[in-house]
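Inspection log for the structure reproduced underneath, given as structure tokens.
Note that the chains take the letters A, B, C and D in the order they are written out, and that residue 1 is the start of every chain.
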Amino acid sequence: MDVAVNDLTQIRDALRRFADERDWDQFHSPKNLAMALSVEAAELLEHFQWVDGEASKQPGEAELEEIRAEMADVLLYLIRIADKLGTDLIEAAHAKIKLNESKYPVDKSRGSSKKYTEL
Amino acid sequence: MDVAVNDLTQIRDALRRFADERDWDQFHSPKNLAMALSVEAAELLEHFQWVDGEASKQPGEAELEEIRAEMADVLLYLIRIADKLGTDLIEAAHAKIKLNESKYPVDKSRGSSKKYTEL
Amino acid sequence: MDVAVNDLTQIRDALRRFADERDWDQFHSPKNLAMALSVEAAELLEHFQWVDGEASKQPGEAELEEIRAEMADVLLYLIRIADKLGTDLIEAAHAKIKLNESKYPVDKSRGSSKKYTEL
Amino acid sequence: MDVAVNDLTQIRDALRRFADERDWDQFHSPKNLAMALSVEAAELLEHFQWVDGEASKQPGEAELEEIRAEMADVLLYLIRIADKLGTDLIEAAHAKIKLNESKYPVDKSRGSSKKYTEL
């Protein structure tokens, strides 16, 4: 039994089928998908716009359900763009963490929210 | 050998370590992280703002590298928010695909970019 | 002496000249301009992502200069989209305030950050 | 008769009254307002996400009404942030146009959508 299936690969394939069945590839240019992703990111943002940081940690159960659905939407569009551009998201994420480690050395960035360009 | 490790779980753990070493949890409320995610989504969007849909499918190699890094940033913040809110992203994504299948029946949505509320 | 000049009209005209001199109308579809506006809105957002609400009221002088420039960018793209779609922004703004007054009656919305659909 | 009233000043004052009557100043930190502005910018963006540039120039009448309302929302939040930070938007916009003229000299930027850093 193959247990090494990449979770994102399964979702990518489900999204391919979904778009294919609906003839939606015609709409799914990286440009349009990046717009859709930005819209979903803003729908996630909307849940937190009037609460402070502390309150944002404890959304009510109904709100958390909605937040989860927005997070899912962001992930779905991100996987779709990555698919269209032939990018491995997991690999890109690990590469970015590595890069961030060199941009934000522990001794300089500890306890600071400054951008790396200002450290 | 355990090969069933969830790829996102590894990234989540790397991000926990990263924040912990820098004492950054104090900044990482869901509210702030959702803002950061929106900013990264816009940085991704910026790459496509003046090109048309067709051209967005074929970015140059240097630009594609930058696009990859922005996609990675979006994923990293998304994983971080999900961690802070105790959400399983993969599960949420599958649930959303299922929901979308009922909101967008094949026969009604085929070839149409209309929102489900207008179908 | 004509003092009744609409301030936004002057800016609109300056932007027309600016685009015309550079042959940029070809890039300025409402779609592309709306993307650019979203990118600028996110650049404004970025200034506030790691500070809390109170601190956001008192940016340092250098940061305030940058914030001002981002606000200007948002306004410029907004005026440009309105021009391309033949919309009077001032009129639209007054109409929206009127609408908001009926959506958010004082007695129901006082002290509450709830959306009108939840009042 | 005073005809030199700045249009944005009238809107600013209407927004002050609106927030004051509802006791909403407690929610209106620049941070929260910048989030709200980003959300409205994305709602504007949403109208254009699946159409191409040409089609975005000719929205239907009902859609144009919605687009107008989203543009108004962006303007209202922008005026509100500017008020909270003591900024004159009109002045900032003119200063930005001047700056853009030096960043994008006609001879170098004509017909090009490149960022000034790449010219």
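Convention: contacts are C-beta pairs under 8 Å (C-beta built on N, C-alpha and C of every residue); 3 or more make two chains touch, one makes a residue touch a chain.
Everything numeric in this text was worked out from a predicted model, so none of it was measured.
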Same-site or different-site touching of chain B by its copy chain C, using the half cut: same
Inter-centroid spacing, chain C versus chain A (mean Cα positions, whole Å): 26
Centre-to-centre distance between chain B and chain A (centres being mean Cα positions), rounded to whole Å: 1
Multi-partner residues of chain A (each touching 2 or more other chains): 27, 32, 35, 38, 41-42, 45, 48, 50-53, 113
Arrangement of touching chains [line / ring / star / complete / other]: complete
Sites on chain C touched by chain A in the complex: 35, 38, 50-53, 113
Complex contacts: residues of chain C adjacent to chain D: 3-4, 6-8, 11, 14-15, 18, 21-24, 26-27, 29-32, 34-35, 37-38, 41-42, 44-45, 47-48, 51-54, 56-57, 59, 64, 67-69, 71-76, 78-79, 81-82, 84-85, 87, 89-90, 92-97, 99-101, 104, 106, 109-111, 113
Complex interface listing, chain A residues touching chain D: 27, 32, 35-36, 38-39, 41-43, 45-46, 48-50
